[in-house]
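Shared chain: chain A. Partners: chain B in the first complex, chain C in the second.
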Partner chain A sequence: MKAERFALLFVIVLVIGVPLVAVLARSTSDTIEMHAQMADNGGWTPSNLTTQVGQPLHLRLTSDDVVHGFAVGQSIIPPVDVLPGQWTTTTLVFDQPGKYTFYCTRWCGPNHWRMRGTIEVTGTTSETITTTPPLYVTLNLDLDAPHPSEVVPDEKPSAIRGAALSVKRDRAAELDRTQSPAQLWQALKAAPETAALTDQQIWDLIAWTYRSRTTPERLAEGRQLYQQNCAACHGETGQGDGVIAPSLMKTPMPGMTMTGHETVAPINFMDAKNMLGASDAILEGKIIRGGMGTGMPYWGPIFTPAQIQALIDYLWTFQFGQ
Partner chain B sequence: MMPIELTRNRFVKATLRARWPQFVIRAIALAGFLFAILSGLIGTPVGNHNFSIVFVWIVWWALLMLIVVPFLGRGWCAICPIPMPGEWLQNGALLKPHGKGLSLNRKWPRRFRNIWMQNIAFTLLALFSAVVLTRPSITGLVLLLFLIVALVTSLIFERRAFCRYLCPVGGFIGLYSQVAPVEVRVKDPAVCAVHTEKSCYTGSQDGYGCPWLVYPGTLTKNINCGLCLECLRTCTQDNVAFNLRSFGADLKQPSGRKLDEAFKAFIMLGAALIYSAVMLGPWGALKSAAYAIGTPQWLVYALTLLGLIYVILPGTFLIAVALGRKLTHSKETLKKSFVAFAYALVPLGLMAWIAFSLSFVFASLSYLWPTLSDPLGWGWNLFSTANVAWQPYLMSIVPFLQAGVLIGGLLWACVTARRISAEQQQGRNITLQALPVMGFCFVITGGLMGLLIG
Partner chain C sequence: MMARSRLSPHWIVLGLLALAIVVVPNPIALAAPVEQHFRIEASAFQYTPEAIHVNPGDHVTLDLVSTDVVHGLYLDGYDLNVTADPGQTATLFFTADRAGSFRFRCSVTCGALHPFMIGKLNVGSNDLFWRAIGLGALAVVAGVWVMRPKGDRQ
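Here is the complex of A and B:
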């Protein structure tokens, strides 16, 4: 009987003790544990965090399925990779109150862009931040209205050819962010100083105008943003043929209107008729607000105004070559 | 080779008869098993960082298929923790018999006294294996189900009915244990014949009556012997021995061949083929279909698997056996020949599983190091190995090992088929009758070579 009791004790200690120690040993620090899963399986858990201005927010991140990335929109906090079964730590400190959006930076699935969450930062700051509403809001632009260009060039406009023309314009003063390239073309066509140019030469001049208002650094930044965030749908070459595009090509049933839950084929940035009818303001609005009911995500809480402009500059390179 | 009685050595005999070594190993295994359930249910859902997946489906499987089954047969069954809680309640004791247990001790229904239930259980597991083997939560639930079914079975039926008639793992271990070079046998059947107490079956104060419902006095094959060693403890005549013998000795026994065991050979062979294609093959659509349980694609996969193991393989084999009989005008019935020749597939199947296991075990074994340090995937680093990166081992020699194992299995199967033919042909046309079966084994080996080595 003594041996039997000892055996029972041995089993109890092993069978109950080992798991119990494991569970009790789980860390109970002030670090927040965050799990990432593809959006279809739940996205970020937890997805809503709160903190205070100046107070460090310690996070331990792991992925429960595929490789994800973690970044906070409109901040300089560097993104971190979140790998399956491995833990990554990061500490966030905010110097401004507000509602920040964190998001996945890796193409983790068709609904990758839905992997977002918020960080509510409360508190006060001595600095006063003033924000300017985007142009599409102040001008009350209808972002969803079609904006086809009535004129398109015969070949891709070239900034180099445009630069070689004897006609030069004050680009900074003349590039109106509410004006589309097509409207600019019409204006130049009617202007006496450019009336002698051929239609293609006017397009080349416009290409030079768009190219020369930006810098190689800004284009590089725009290209990087595009590749990280847009190419999955719009494609590396801007033709709307990204790896996720096939899964988005759904259209409403005949006779039905869009409800806001459908997805459509991503825009082809190489399509001159569509692109040359858009303005900076429209592109900015679509990036900030997203394409309502099309599957196009909203990037307003993610990108800074400078990043958005860099991205717009890069988008124009699909129409205007060097 | 004549069996060598290892229990002649006093130390070996004392160690095998002692309860504590086996009990301690089983208790540790039970703790590990319960921890695997726990980690499956509450640990990281990332399979290659979860104890349940890494230790059950990689480490345990590697030990089982590469070492334990080929060399110790049912050695795993001897220390398996799954029936332990049920046995404890059934016996009312963890060690020697004393007191009374809780079981109703009903007899297992006669019609189910075969391994068809185990065949069905393994088939079910195979149908869902793509998910079971990769998702910790599903693995945890399946292991828990094993434990509950074993427990309930022990409370209703006598002895280790779960192990003998239900356990999907025990079914194939039993089949392949015929190949192993160890056995528990009586030294002299004449001693048993006159021993009226039959304490090896009925039990005594030193131990339990055979938990596997086997009378050791007539034991000629390993299939149903769980190596629990109770008979070694209960035999009052010192007539039970633990022997070392030649590989595949049981396959030379013409008696006791059964249809359910024959089908187990087809199930295992078919499963090895399917698993090789799904888990190691380059066909993404096939892999997706195996994972997408409940979809039409999965249904096609499931029907293919069922068709292969229950219709195509046995059907083709039947044709091969019939052809051999026709060529040699054999007087043996087709059914008896079919069942007998199916035992030639035992070494072929075991070698197929070893070759299959070599593929993924060495490719995945490095997951062991991070999982040792962080078994639940909670970010621990107990042994400073949590960040050891994945790297496949021995990949340059694995294909050669696989080729050797598969060719060895083919030759072994051919030799076995010829021996079975010799039992039936009384010295005439022995090779001719076995030739179609050898051809069948050759085609299967070729298929496995293509799938595993490319």
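Here is the complex of A and C:
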């Protein structure tokens, strides 16, 4: 009889105690478990996090399908890979309040870039950061307007040939970020110092200008950003023929109008007519704001201004050779 | 009646033919090694092309192009591994110094049917198989010759 009572007590303690311990352990642990799935299947779970300035955010990440990556936009926190069947831990500390975007860093399908979430960081900080709006906002540029170049070079402009020209090498050292290469070409064509140059020589001079305002390190950074984030659609050689491109090129049925939900073929950066008519400000705007109904992602909350400039410098190398 | 030789010339010819089939080197295998370049597209859940063929000694360059998610390629026998993100072609160089058939498989979990994402690398022709076929054919010919009707015998 005594043994029976003891057994009953044992079972009751077991039934109540085990779940209680599990619940307590979960409530006291401040580690957040996050699951990653392709954007089509739900993306990040949870996708909205909150924390406070200076308070570390511990994350435990795993993938439910394919290889993903985790990174926080505009921050120096190193990205981590999120692999199926494995747990990755990372700790985030923010020293500035604001709304941060975290995103997937490994291409996981055509909708990879939609795999994003936010981290709301509250609190106060002593230092105030003033941000200047990008050039396309202050200039009120229409990013969707076509910008064909009226003039195109016969062959790919070469910075080496441009550097060899003796004419006024310092003239173009300071580039106007609102000016397109085509406008610069027109200006140089009209200028008396460069009037003696042939059309192609003026292009070479412009190529040298664009090449000499950047550094090899910045080009390398731009190249890396391009390969990781852009090449899947725009192609490794910039011709708009990336591996995802075929799934984006859906020709609209005759008689149908664009509703803004379609995707279009990625831009070919080797196309001189289109590229040479664009200014730094337009390229920057398109990267920050995205394509708005073309399938082009918006990178504003992901890249820092320096990263965007490195990317733009790299984009110009598709037009201006060494 | 003349004593029949134990080893008729026919049997000697047959034996020499069989020996030739077994030991004559494969002319393809003696070809000088060349540079081989392949582009393999990896998508869920297949490789295109799924089988590639090289000769022993060839210097092989494999470009792995992933068209949807991150895929990998692990080559059995050679113990080589490479992974490719979409938009970032990965390249593998190796010298095909081991003859035979080797599987390559996806080395990055890429979805539900990931374990079935396999392909094949053939290095050299399958000599053993073709020599066996040759010996078999020779045996059939010899059998038919031995069992030919009596009247035909000289």
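Going forward, the second predicted complex is superposed on the first by the 282 of 322 C-alpha atoms of A that agree within 3 Å, B and C clash if a C-alpha of one lies under 4 Å from a C-alpha of the other, contacts with A are read in each partner's own complex, and residues count from 1 in each chain.
The rule is simple: a contact is a pair of C-beta atoms (placed from the backbone, for glycine too) under 8 Å apart; a residue touches a chain by one contact, two chains touch by 3 or more.
None of these values were measured; they are calculated from a predicted model.
Trainee: Between chain B and chain C, whom does A:Cys230 touch in the aligned arrangement: first, second, both, or neither?
Mentor: After superposition on chain A, A:Cys230 lies in contact with chain C alone.
Trainee: For A:Glu4 in the superposed arrangement: first (chain B), second (chain C), both or neither?
Mentor: Once the two structures are laid over each other on A, A:Glu4 reaches chain B alone.
Trainee: Identify the partner contact of A:Gly109: answer first if only chain B is touched, second if only chain C is, both if each is, neither if none is.
Mentor: second
Trainee: Counting only touches as set out at the top, which of chain B and chain C does A:Val15 meet: first, second, both, neither?
Mentor: Touch partner of A:Val15: chain B, not chain C.
Trainee: Who does A:Pro84 touch here: chain B (first), chain C (second), both, or neither?
Mentor: In the superposition, A:Pro84 contacts both chain B and chain C.
Trainee: One more residue to check, A:Ile160. First (chain B), second (chain C), both or neither?
Mentor: Neither partner.
Trainee: Applying the touch criterion given at the start, work out whether A:Ala195 contacts chain B, chain C, both or neither, answering first, second, both or neither.
Mentor: It touches nothing on chain B or chain C.
Trainee: Taking the superposition on A as described, I'd like to know which of chain B and chain C A:Asp65 touches: first, second, both or neither.
Mentor: Both partners, chain B and chain C.
Trainee: Using the superposition described at the top, list the residues of chain A that contact chain B and also contact chain C.
Mentor: 63, 65, 84-85
Trainee: Using the touch rule from the top, collect the residues of chain A that touch chain C in their complex.
Mentor: Those residues of chain A that touch chain C are 38, 63, 65-67, 83-85, 106-110, 227-228, 230-233, 235-236, 242-244.
Trainee: Which residues of chain A touch chain B in their complex?
Mentor: Touch residues, chain A against chain B: 1, 3-4, 7-8, 10-11, 14-15, 18-19, 22-23, 25-27, 60, 62-65, 84-87.
Trainee: Enumerate the contact residues on chain C facing chain A in the complex.
Mentor: Those in contact with chain A are residues 65-70, 85-89, 108-111.
Trainee: Under the touch definition given earlier, write down the residues of chain B that touch chain A in their complex.
Mentor: It comes out as residues 23-24, 27-28, 30-31, 34-35, 38, 42, 44-46, 48-50, 93-96, 98, 370, 375-380, 387.
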